[in-house]
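Both of the next two complexes hold subunit A, though its partner changes from subunit B to subunit C.
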Partner chain A sequence: MMRYGLWVATWLFILVVLVAPPAMVLSEALKDGLGAALATLSDPDGQSAIWLTLRVTVVSVAINTLFGVLAAWLLACFRFRGRQALLVLLELPLSISPVVSGLVWLLLFGAQGWFGPLLERWNIHIAFAVPGIILATLFVTLPYVVRTLLPVMELQGRHAEEAAVLAGANFWQVLWHVTLPGVRGALLSGVLLTTARSLGEFGAVSVVSGHIPGETETMPLHIENLYNGYQSVAAFTMAALLGVMAMGAVLLRSAPEWIARLREKKA
Partner chain B sequence: MSIEVSALERFAPGRGKALLRKVSLDVPDSAFVALVGPSGAGKTTLLRAIAGLDPYQAGTVSLDGQVMEDVSARAGQVGFVFQNYALFPHMTAARNIAFGLDVLPAARRPTRARINERVRELLELMQIPDLGGAYPARLSGGQRQRVALARALATGPRVLLLDEPFGALDPIVRRSIRSWLRELHDRLGLTTILVTHDQEEALDVADRIVVMQDGQIVQDASPVDLDSSPATEFVMEFLGEAVSFPGIVGAGRMVLDDPLVLPFSVPDSVADGPAVAMIRPYEIQLVPAQPGQNAPLRAVPRGARNGYRHYVLNCAGHDGIPFFLPQDGADHALEGAALDISRARLFRNGLACL
Partner chain C sequence: MKQFFLALLRSNRALPGYRLSLITTLLWAGLLIVLPLSTLLVRPWQDGVSAMLTALRDGRMFAALWTSFSCAATAAACNLPFGLMLAWALVRGHLPGRHVANALIDLPLALPTAVSGITLATLYSPHGWLGEPLSRLGIFVSYNRLGIVVALMFVGLPFMVRAIEPVLRDLPHELEEAAQLLGARPWQVFTRVIVAPLLPALVTGFGLAFARGIGEYGSVIFIAGNQPFRSEIAPLLIVVRLQEFDYAGATAIALVLLVASLLVLLLVGMMRKRLALWSEPA
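Showing the complex of A and B:
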């Protein structure tokens, strides 16, 4: 009885808190029909927002994956001075408010910031431009790859890598043939979490972007803009698209399990 | 390939505790050496230092007289087998074995066909010819051990370092793989260092036993010498069950504190004074009661194993002495007998008296 009650409570909670909001978004988007919804996507500012979001995501994911792999490897394999401090620092983007992480970049690269005037002279724009958006997204999504890889790498231990080194493999061969294949599940998981977060980041990006429609508006910013302008069908359509993209990324995380299960069934 | 370790020192990172204290060891070409000692003695630390896997703060490791700088200098020359095998789980047995050849720079890498041929040879040598396509997860412990060994041997190293390689195997597989390993060592002309905490295994397979304690080598000798003249009480106890009897040496005789144990003569070289006689249970002899002996010897039977009846002897000054008698031998009068321990080794302050 107890177990049944818990089951009902869990599902009820999930339905209300997790399933209902996306369902509402989808129904709002489709309230004038699918045609009307799709038509809103042909707006040039909307399309520019989609492309910008995709570009920012690809760059952030690439950089943070590379950095995350190397950082996790360093943290898992070596004990060095300042290691504990580094671990705490890596948590920072998760604990700090995204607005603050956006403000940091303005402080550094804004027109009144430390490096702003200098960069202005060379005609390099970071604040209120795409590089600023990328920096803000990098900051917010930095921990995901490291944090998912680190425990798995620590569990895996160093012996396989040492065996590879003694067999004559160089650093990159060890990383590519031994370390990464051993943690590929966690790596995929970390990359997809980074992707989902990059797609949806609002706070930090909002601070540095300057909200220039068609130039520095990512999808989440554009959605806010549309909604505030009473274009609710367009806003919810864009929101549904963003939601589907993020959900696709998260669903892909379980893809390896499905593939393994399918193979087992066949075998 | 000979291995020379000289005055090797290693400290634990951070706290600075000494893990190896000026360890020197000479292993001649084609020797089979076992490193034994209790946990924390520094056996694995020494082995890993020889392989170049861990840094050391002082001393050198040379192979065939050449000082080895770092691990890449040893790559391909030294085969290492880890206690947990450390196979690459995402590669088949064959790819695991071929790894050392696959990662060679293109100019020195054999052709695909040659590599596959080499893998086939090694699988044959390891007596697992059909397992090339299997992933490590599907292999038994003994099979994984053989794959790990084949991987260590693929590049044709002259030195084989084994870190507790039989630790996770069941006793039967252990015994068979042990003698097979010894054969392999002889056939390939390897120089092998084996780390084990099992002294019986070491005595069984190695030509030379190096006993370690607290980051130092306590004794380095052949199995026979180690058994006949252990350097310290610790070595004596570590190599097998031992019973100690305190006493006093005087006038060429060791007189024991326990009246039930007969005095025995000792070499002149042993100085007079207190000493400890240590003996293996199976070396203890029973003799008829001595005139004037009044303390009774009591024997408690403890069943029979391997053709011997086991007893625990209790006498006035000493309880719980293990003692064995052949099962089909004549019945001894255990009650009231005395003990002859003239085959004991003598120790003073923990060190052997010579």
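Showing the complex of A and C:
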């Protein structure tokens, strides 16, 4: 009897707290029908926001994946002084408020920042421009690849790598042909988490972007703009699109499991 | 043991790429983390000590910090029973549709904060799906502190469930049966046999949700109402100060937030170590 009570209470809670928000996004977006919702996406500022978000995401994911893999190799294969401190440092962005993650870049490159006036003289714009948005996104998404790769690499041990080196492989060959194929799942997971966070980052980007529609507005910023301008259908349509992209990235992490299960069923 | 470590060191040397990966990692972390964060430590003193002291005496800042801290603590505390219920249902309760429920629990982490923000604000507004029935009961969620707590509960929930779940899974089922056989009442079984060993996990979940809550921005600002001294959170005040070009004021708040979240995580880390000591087989 108690068990049924728990089931009902749990599902009721899940429905009200976790299912209602995404359902609400869809219902608000489709309030005037699918056609009206899709029409809002043809707005030039909206399209420019989508493109900017995709560009920022591709750049951030590429840089943080490359350096994240190298950092995971360093931390998994070698013991050196300061390793613990480096581990803490690489996790730090996760515990910093998004707004602060944006603020630090303004303190560096803003008009009153350390390097801002100097770069201004050379006509290089970082704050309130796309480079600033990329830097802020890089900062908040930096930990994900290392964090997901490192435990798996440590679990696998280094025997395969050592054997490859004895057989004459160089660093890149070991990394590409031995290490990475063994940790494919974790790498994919880290890359997808970085993607999801890059797509949806709001606080940090909001501080450095300058909110110029059509130029420095990413999807989350454009959603804020539309919502505050009472363009509810457009805001929630963009929100639905962004939500589907980010949640799709997160859910795709289990794709290798699904594929394996499908293959098992066939066999 | 010593020999084991020596062997480990020697095998380390066998692998290539030490210098390359060290240099790239130090460059990456140095340019993207150390350099920007050093501004937080240096910048406040650049305008002189008196400017910093004026910034730190700002009453609106203390009100905003109090709002952030108290709402984050309240939300994390309210999440304790719900987190326990969800973790219990997933691990022990044989919940029908467990896999779907399990995936849904991570939803607040996956949903971009701006999306959660406008959605919660609409959902709990006086005309929203949940706000309308609540307002008839005289509970007004949006545009005050209750809204902040609700938003922070939403984003903090996954931290709580994921902190409790693994510990609950490792808790031997026999303990409860033994306690029952020895004549413990259900309430005693719950508090002494289930909650007691989960305490460190509950503290960890509370700490993680709290640390996330004091810095949260996107999911809160739409529902909060943002009235100075009443429902203005500290991260929003940073943004306000920046719009006023008051960099000293913005940096002062940022420094307090940073130190606070690092302290919370340090405490959580110490708690985790104790947890590891407890669960070590004798």
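The rule we apply is simple: the second predicted complex is superposed on the first by the 254 of 267 C-alpha atoms of A that agree within 3 Å, B and C clash if a C-alpha of one lies under 4 Å from a C-alpha of the other, contacts with A are read in each partner's own complex, and residues count from 1 in each chain.
What we mean here is this: a residue touches a chain if its C-beta (ideal position, glycine included) is under 8 Å from a C-beta of that chain, and two chains touch if they have at least 3 such contacts.
Keep in mind it's a predicted model, so treat the numbers as computed, not measured.
Chemist: Using the touch definition from the top, say if A:A29 reaches subunit B (first), subunit C (second), both or neither.
Modeler: It touches nothing on subunit B or subunit C.
Chemist: For A:V233 in the superposed arrangement: first (subunit B), second (subunit C), both or neither?
Modeler: In the superposition, A:V233 contacts neither subunit B nor subunit C.
Chemist: Tell me which of subunit B and subunit C touches more residues of subunit A.
Modeler: After superposing on chain A, more of subunit A is contacted by C.
Chemist: Scan A:A160 for contacts with subunit B and subunit C and give back first, second, both or neither.
Modeler: A:A160 contacts subunit B only, not subunit C.
Chemist: Have a look at where A:A127 lands relative to subunit B and subunit C in the superposition and call it first, second, both or neither.
Modeler: In the superposition, A:A127 touches no partner, neither subunit B nor subunit C.
Chemist: Between subunit B (first) and subunit C (second), which does A:V178 come into contact with in this model arrangement: first, second, both, or neither?
Modeler: It touches subunit B, and subunit C stays clear.
Chemist: Examine A:W105 and indicate which partner it touches, taking first as subunit B and second as subunit C; both and neither are also allowed.
Modeler: Only subunit C is touched by A:W105; subunit B is not.
Chemist: Contacts for A:L187 in the overlay, against subunit B (first) and subunit C (second): which applies, first, second, both or neither?
Modeler: After superposition on chain A, A:L187 lies in contact with neither partner.
Chemist: Could you say whether A:R79 touches subunit B, subunit C, both of them, or neither, answering first, second, both or neither?
Modeler: Once the two structures are laid over each other on A, A:R79 reaches both partners.
Chemist: Per the contact definition in the header, classify A:V152: touching subunit B only (first), subunit C only (second), both, or neither.
Modeler: neither
Chemist: Where on subunit A do subunit B and subunit C both make contact?
Modeler: Residues common to the subunit A contacts of subunit C and of subunit B are 79, 162, 165-166, 170, listed in rising order.
Chemist: Okay, in this complex, where on subunit C does subunit A touch?
Modeler: For this pair, the touching residues of subunit C are 8-9, 11-12, 14-18, 20-22, 24-25, 28-29, 32-37, 39-40, 43, 82, 85-86, 88-89, 93-97, 101, 103-120, 122-123, 128-130, 153-154, 157, 211, 214-218, 222, 234-236, 238-239, 242, 245, 247, 250-251, 254, 257-258, 261-262, 265.
Chemist: Taking the touch rule as given, give the residues of subunit B at its contact with subunit A in the complex, in rising order.
Modeler: For subunit B paired with subunit A, touching residues are 13-14, 51-53, 71-72, 74-76, 78-80, 82, 84, 86-90, 99-100, 103-104, 148, 151-152, 154-155.
Chemist: Which subunit A residues qualify as touching subunit B in the complex?
Modeler: That would be residues 79, 157, 159-160, 162-170, 173, 177-178, 181-182, 184 of subunit A.
Chemist: Please give the residue numbers of subunit A that touch subunit C in the complex, ascending.
Modeler: Touch residues, subunit A against subunit C: 3, 6-7, 9-11, 13-14, 16-22, 24-25, 28, 67, 70-71, 73-75, 77-80, 86, 89-90, 92-93, 95-100, 103-108, 110, 112-114, 135, 138-139, 142, 158, 161-162, 165-166, 170-171, 174-175, 196, 199-203, 206-207, 220-221, 223-224, 227, 232, 235-236, 239, 242-243, 246-247, 249-251.
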